[in-house]
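Taking it in order: structure first as structure tokens, then the write-up.
Lettered A, B, C and D in written order, each chain numbered from 1.
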Amino acid sequence: MSLLQYEQFMENLRAKLHLRNPRVVNVVSELYGMTIFIFMGIGIVSQYILSYEKMNTWIQINIGWGFALALSVLICSKTSGGHLNPAVSFLFLTQKMLSFPDFILYTIVQTLGAFIGAGLSYFVYYDQVVHYAGDLRHIYGPKATAGLFCSFPAPHLSNFRCFVDQVAGTALLTTFISGIIDKRNGIPNYLHSLLFGITLMTIGTAYGMNLGYPINPARDLGPRIFASFIYGTEVFAYHGYYFWIPVVAPFFGAVLGSWLYHLIVGFQIQEAKRVIVLERPTELQQLE
Amino acid sequence: MSLLQYEQFMENLRAKLHLRNPRVVNVVSELYGMTIFIFMGIGIVSQYILSYEKMNTWIQINIGWGFALALSVLICSKTSGGHLNPAVSFLFLTQKMLSFPDFILYTIVQTLGAFIGAGLSYFVYYDQVVHYAGDLRHIYGPKATAGLFCSFPAPHLSNFRCFVDQVAGTALLTTFISGIIDKRNGIPNYLHSLLFGITLMTIGTAYGMNLGYPINPARDLGPRIFASFIYGTEVFAYHGYYFWIPVVAPFFGAVLGSWLYHLIVGFQIQEAKRVIVLERPTELQQLE
Amino acid sequence: MSLLQYEQFMENLRAKLHLRNPRVVNVVSELYGMTIFIFMGIGIVSQYILSYEKMNTWIQINIGWGFALALSVLICSKTSGGHLNPAVSFLFLTQKMLSFPDFILYTIVQTLGAFIGAGLSYFVYYDQVVHYAGDLRHIYGPKATAGLFCSFPAPHLSNFRCFVDQVAGTALLTTFISGIIDKRNGIPNYLHSLLFGITLMTIGTAYGMNLGYPINPARDLGPRIFASFIYGTEVFAYHGYYFWIPVVAPFFGAVLGSWLYHLIVGFQIQEAKRVIVLERPTELQQLE
Amino acid sequence: MSLLQYEQFMENLRAKLHLRNPRVVNVVSELYGMTIFIFMGIGIVSQYILSYEKMNTWIQINIGWGFALALSVLICSKTSGGHLNPAVSFLFLTQKMLSFPDFILYTIVQTLGAFIGAGLSYFVYYDQVVHYAGDLRHIYGPKATAGLFCSFPAPHLSNFRCFVDQVAGTALLTTFISGIIDKRNGIPNYLHSLLFGITLMTIGTAYGMNLGYPINPARDLGPRIFASFIYGTEVFAYHGYYFWIPVVAPFFGAVLGSWLYHLIVGFQIQEAKRVIVLERPTELQQLE
């Protein structure tokens, strides 16, 4: 057998199983990508907390989440685009890449995927949670485990600062996303997802301390809803009903960051002059 | 002397030493790649344990194993394909890339290569093992060293959870492998092995805590057989004969992850429309 | 909606909002890039200090600053070139890539951007600073926070050694920058900014210990001016008026490193011989 | 001013300063690259030891040395080839890429470059050495600093094991180097140096524990000669005149690793069949 047989077999299957409705494909793909992304992400945080910050230290939070995003975007970039973040989808709504109904659908399945991913992760690490916390399921204190799922600010942090933090972090994210995909910057498509991952990694080294950089409404809300089945509604009430901040603030940040980039830089890049650069002169020589 | 002389000398040697039987070439190449992969991998774990987790911390387990895989796949990708994992070979069997006899041969030499790699690593680090543990060769306890070679779950982990963990980890691995090599995702071939490495690295930050993410039957069984010569058959009996789980579960995970990817995403990517993009207009201009 | 609509919408906006004066575009772009770069950089240092070196350890200083530079250069490389460092701009002045008035403008806005970036970072982390230091705003001692903004050498370091350190670090930076952008080395443009980032990361692992590798007059002076509003003029007087060293020494280092590279290597690379390499013979076959 | 003026200015200078003798160019380039490589490398080790393993931990040893190699090779790859290791040069001697006189010259200047790099690093970190060790200059014990420069095995390590370690490490290095540059593996030239760096990084995570992976005769001997001026001839006599092992063993390892690769894999890669793959059908369509 060979690569050729593989191609034939898979292409035949594809012909049979290919769905014709692009919207169905996109919505299912976005759900799939988000589930995998958050399944990995919650796994990373769990390994950090449940090993008493020994098997993972903060560097793995950065590297792990970064590459989890890169790989998850990679596998669904050719179908749904791999937004994996309602704030990013909203941004593309304002730039006519996504229609309003698609934006709503994307937001719903992104949150649903995050919910499922959190559940799967809890299932894989269930024995470790029991070993760590016994029967306790606390939001704060020495055996707290709600932080496996979503962000809970420290008491010394005001909700105003939380809002600022989420606007700033998401603005950084979309600034770089917009720069990376701007075709005038000349980054090949196959490097985009890797650079998105590096962007998230870098933000985590800079603005991870206040809230753990959710900067993604679905990433925070989906697992929080899952957590509410375990920890009760206190996951919403905590810290003056903080929960809405990482849900709402990223939308502002996403729009701010991307549009600032386009206004200041993206729209201002000069068209390349058509200089004739003979990079492979020998080939032309052959052809003459 | 020069690059030209180098090319001539090596091409002449190649003409003399090139083997004509592809199966022999592939099987020997897979044995070679696996030996090097596990020689590095066991070295990484040894450096972690024998230095009391000081010279390596968990981040090196992630980065080291990731790049060890990337580099080992790189050097044998053009001969045997560089599967370096029976679960991956099995997956390609289900997708007609590998015949059944080849799958059996691959599995045998992968396990053999892992056995040899473990032995070579033990040889290089023998003085350190003696310094660390003296004459003791224990599977658990403060001077345990059997963990250099293969996975031993903590007592609080059920074998059911171990099975789930290995299915999940291998499914993530083959999800991303399938996405990376899917030609419709447009990743250049020369980046594939590097992205496989990044995939393994990321899984290690997310699902390394239960068992140390073997997710590879040969990686776990080969060194375990080697360890049985040192530690006795207890390496198999430990934890209710746990040893079969990382041997069997990855086959389920590998098939699950890859086929889910293809059904949900791979088969659904739309054919690119043939838009005429003149990327190198000057060349065409020349040719007209 | 679709990619096509996105392109049309954005191109229309671009047509309306494109500025015609290249100098204005460049200066604003350099200000923008520097603000973002230092906003991330000061965030990284803040997360390191304010978490008692727990959420960031030194590895994040290296990785974070490296990729913050890479991403910031990436987004403004097609407008202002993304120097983000007066010493680099000065070097390009000596190589006729930048005019003297542009050099002066670049230096001013780079320093201004660093000032603004520091302010923004302080704003996002204000609650953490208060939590860490209360009302205290000290340059040295156990609750010192001035180190969030700029470099303060340890007492056992002479100003002579500081000067040497800054010359050496900046020389390494421009050595590699010059090698990376040298077209005869054949690195594709889209990898340049990433390699600049890796360069900065590597310098931080080697020569970060004396002063924290500012190697950038604007990066150190801009935030120091900001800090002077909080900590007073002692930020300039500290350690025998050390502050001028990371402002002045990098200019010497930048010129030294780049010109040494060009004299020893860059000018000495032989022109590639025009060997006819048929990389895609089938295409030519088609054309014949 | 502009990119065009830069190109003209630099090309004019190049025309004046270009040296015609390739041997002189190569030898000076190799000296230059090695000086920079070891200047960074010794800086990395110094930052590790002199900060009491706080500012650098072992991960920076891996990442730092890896990228220091990558960047140093990058800048001299088009002149001397950037071997930066006598064992690698010896390997290329056995493969007719380098003549015997060139091999001798390369070995001498590589060792000289490592000597100079060590000296420069000592100069930059002199105040830190004094702060760390006062007037003491010891090879072992609590304030030992000779380890800044070269390898000193622990007492429990036999010289036999040291020899094995250096053969194994260098064999891994040249295995991967040979695979990376093998044109049949299809890795673009501009990624070679980066992958060499990743190779060194990975070896450091696996076989760094015995001796700190010198695997390079010049890297160990050059700084050791420098150290002998400070610490006396004990740096050679230590551990049963161990010093010759990292000088001699890498030659065996380098030849072993590379030739094994070529025999088992490199010479066995099948020629790609000339399948006509129309990757850019529109272009051909245009041409018809």
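Quick notes
The definition used in the following text is that a residue touches a chain if its C-beta (ideal position, glycine included) is under 8 Å from a C-beta of that chain, and two chains touch if they have at least 3 such contacts.
Not measured: the values here are computed from a predicted model.
Under the contact definition stated at the top, no chain borders both subunit A and subunit C. Of all residue numbers used where subunit A meets subunit B, under half belong to both copies. The two sides are thus made of different residues. Greatest Cα centroid separation from subunit A: this falls to D. Superposing subunit B on subunit D by their CA atoms means rotating through 90 degrees, a value rounded to the nearest 5.
Centre-to-centre separation between subunit C and subunit D, using Cα means, comes to 27 Å. Once the centre of each chain is set as its mean CA position, subunit B and subunit C turn out to be 38 Å apart. Within subunit A, residues 57, 59, 287 each touch two or more of the remaining chains. Pairwise, the chains that make contact are A-B, A-C, B-D, C-D. Subunit D makes touch with subunit B in their complex at residues 57-59, 62, 92, 95-99, 102, 154, 156-158, 161, 164-165, 168, 172, 175-176, 179-180, 184-188, 191, 195, 198-199, 201-203, 205-210, 260-270, 281-283, 286-287.
Contact residues on subunit B toward subunit D in their complex (touch as defined above): 1-3, 5-6, 8-10, 13-14, 17-19, 22, 25, 28-29, 32, 36, 39-41, 43-44, 46-47, 50-51, 54-57, 59-60, 63-64, 67-68, 70-71, 74-79, 120, 123-128, 130-131, 189-190, 274-277, 284, 287.
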